[in-house]
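Here's the structure we're looking at; comments come further down.
Chain nomenclature is as follows: A, B, C and D, assigned in order of appearance, with residue numbering initiated at 1 for each chain independently.
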Amino acid sequence: MARRARACEDPRMQPAQLRILVTGGTFDKSYDELGGKLHFAESHVPEMLRLGRSRLDVVVETLMLVDSLEMTDVHRGRVLAACRAAPEDRLIVTHGTDTLELTARAVGAARLPKTIVLTGAMVPYTFGSSDGLFNLGSALAFAQTLPAGTWVAMNGRAFPWDDVRKNRGSGVFEECGPPPA
Amino acid sequence: MARRARACEDPRMQPAQLRILVTGGTFDKSYDELGGKLHFAESHVPEMLRLGRSRLDVVVETLMLVDSLEMTDVHRGRVLAACRAAPEDRLIVTHGTDTLELTARAVGAARLPKTIVLTGAMVPYTFGSSDGLFNLGSALAFAQTLPAGTWVAMNGRAFPWDDVRKNRGSGVFEECGPPPA
Amino acid sequence: MARRARACEDPRMQPAQLRILVTGGTFDKSYDELGGKLHFAESHVPEMLRLGRSRLDVVVETLMLVDSLEMTDVHRGRVLAACRAAPEDRLIVTHGTDTLELTARAVGAARLPKTIVLTGAMVPYTFGSSDGLFNLGSALAFAQTLPAGTWVAMNGRAFPWDDVRKNRGSGVFEECGPPPA
Amino acid sequence: MARRARACEDPRMQPAQLRILVTGGTFDKSYDELGGKLHFAESHVPEMLRLGRSRLDVVVETLMLVDSLEMTDVHRGRVLAACRAAPEDRLIVTHGTDTLELTARAVGAARLPKTIVLTGAMVPYTFGSSDGLFNLGSALAFAQTLPAGTWVAMNGRAFPWDDVRKNRGSGVFEECGPPPA
């Protein structure tokens, strides 16, 4: 009986209430047949949650569907406002990887009393070789266990918002390294 | 500078050393063309780590490739021995979902001073509609953040080893519920 | 103008009316999550026609959904009867590859005044590595151009019904070879 | 014995020698992760022949890898020259769908004594929802059975080179319709 009580007391073990804020990026790119190009139609995140057979209590809110290279401070301000306004205190933000670290800093610096995990994908979910499902499973798990703060979940790891960047050559996320002397 | 130091001090944020112990299950079923049946060839876990673009420091060790309905106490003993012998203190065990909870109990009851996360898949990775990648990303994240103990990562959640079962009707993992009066 | 008239006179160039008779086989195997096995649910052929963006005038009729190893003369009799009864004179039969040649002989020997093309798949359509779509496109094309007779379309080729067998070692279809002296 | 002899005499039933001339188009688009765009890397046609488990005697020759909107008369001239130079008299040309009909006319008007079948895809092969495999199976079958002339194989059908166009609104190929009075 003792152990079961312990499980119930552990707040991480309650069916988590989470909100996923969708901004687009490669996570949600689709192929537009008639135009022969990539474009955004609807978010794939609900379908990915079904595929993962998620039984978490999750709300998916599409804020925008843009390539992160096109995001400005206005977009990032909307992301921060949505994080602030969300009733949940555990959030995920799906985002293009190109400027994900900029949005992580904008949100992180606000020091909201919430666990906020940003993630993205290098290959569109609609392609065969996508990291999207892996990253979504990863981000959902980190969002349930990490303490309040803003984090980036990529490549299987979680980085604090103020010590992460995308390596442009390899496409991999890494720490920023020691500050210059 | 304060925040960076705090990140470095946080043991969860070091590139984790993890070991994945593969036992088979639906995670690793393949289609045998000539026989027209499902079978085990080699583990798909290394390929799934590449697809997820994992940059974790992970060793993959294939203990066996069996359907979990065929596992006996001898098999479970081998899993426990491998958990004990592993140099890492953060482990993942990939396993068929049908008797995953039995292996979780065998390992959990040994109270090893390690974080051990068992996971599986309802649909083979080689099928289009697989939860495998999602569960692997989930399990890798939980293995990095949960405290010592044995856990089951399925359906986006992490369950303590002594409060989880597979609902045979729905195929979904859930808590066991309150003990009988 | 002469050439256009010639195209209109060419009966092969009319939007063909075809009927696809579905009997099951690997073409239509699905993964049963709860049971952890392969099984038949519904035929995938309508979905495959959509994926191929077929604009042919095709009727899909599911006769049965069985593994061809389980077919008896009764099953083959039903296939022949359906070929006879079909209003169309260009037919495709989707079939398990293990005994496809037996059904081809049962139908071919009846010498119906129709073009009948049998095809199958070595890997289920629901797997990533399936030959199903390729074979369906192949069979539909052969059904529009081959003269009356019964044929087997596999591995990109069309074989007459009385000179084809499946090589059990390689899984590839080939001619029977010269008769014994 | 009579029937087997007839099969051997039927030139369509010999293992066909075919050449596939690759020009690119959606058939061969890939996703460039680092750039976040579509691009051409290598042709997917050899892999698609393996997936279809083709046992035809086929040579694959990559002439170019371009989007057909970028093709000029110089490109089309190279395609025609390659058709003329090929030792085989049954050819397939993979091509972007946007100007496929223009290349069909350039080749068709030359009246080469060969069966030449042009095909393309509306969705890249590397996406889940591709018509590429279906069209390749279709084109290979039509190339083995149609008489000398230039044809377009799309949407399950074969069109003569001088009576086909892509409907820009629907993305579907159709006859041109009767000439104006």
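Definition applied: contacts are C-beta pairs under 8 Å (C-beta built on N, C-alpha and C of every residue); 3 or more make two chains touch, one makes a residue touch a chain.
Please read all numbers here as calculations on a predicted model, not as lab measurements.
A.B. asks: Where the contacts of chain C and chain D overlap, which chains show up?
C.D. replies: Output, common partners of chain C and chain D: nil, no chain qualifies.
A.B. asks: With one step meaning two chains touch, work out the least steps from chain B to chain C.
C.D. replies: The least step count works out to 1.
A.B. asks: Using each chain's Cα centroid, which is most distant from the centroid of chain A?
C.D. replies: Relative to chain A, the chain whose C-alpha centre sits farthest away is C.
A.B. asks: Taking each chain's centre as the mean of its CA atoms, how far is chain A from chain B in angstrom?
C.D. replies: Spacing between the chain centres: roughly 23 Å.
A.B. asks: Can you compute the centre-to-centre distance for chain A and chain C, using the mean CA position of each chain? Integer Å is fine.
C.D. replies: That gives a centre separation of 46 Å.
A.B. asks: Averaging over Cα atoms per chain, report the distance between chain A and chain D in Å.
C.D. replies: Taking the mean C-alpha position of each chain, the two centres sit 42 Å apart.
A.B. asks: Among the residues of chain A, which are close enough to touch at least two other chains?
C.D. replies: 122, 128-129, 171
A.B. asks: Which of the chains touch, listed as pairs?
C.D. replies: A-B, A-D, B-C, C-D
A.B. asks: Quick one: in the complex, what on chain A touches chain D?
C.D. replies: Chain A residues touching chain D: 26, 31, 33-34, 36-38, 67, 69, 96, 98, 122-124, 126-129, 168-169, 171.
A.B. asks: Which residues, counting only chain C, touch chain D once they are in their complex?
C.D. replies: Listed in rising order, the residues are 1, 3-4, 6-7, 10, 12-13, 15-16, 48-49, 51-56, 122, 129-131, 133-142, 144-146, 153-160, 162-163, 171-175, 179.
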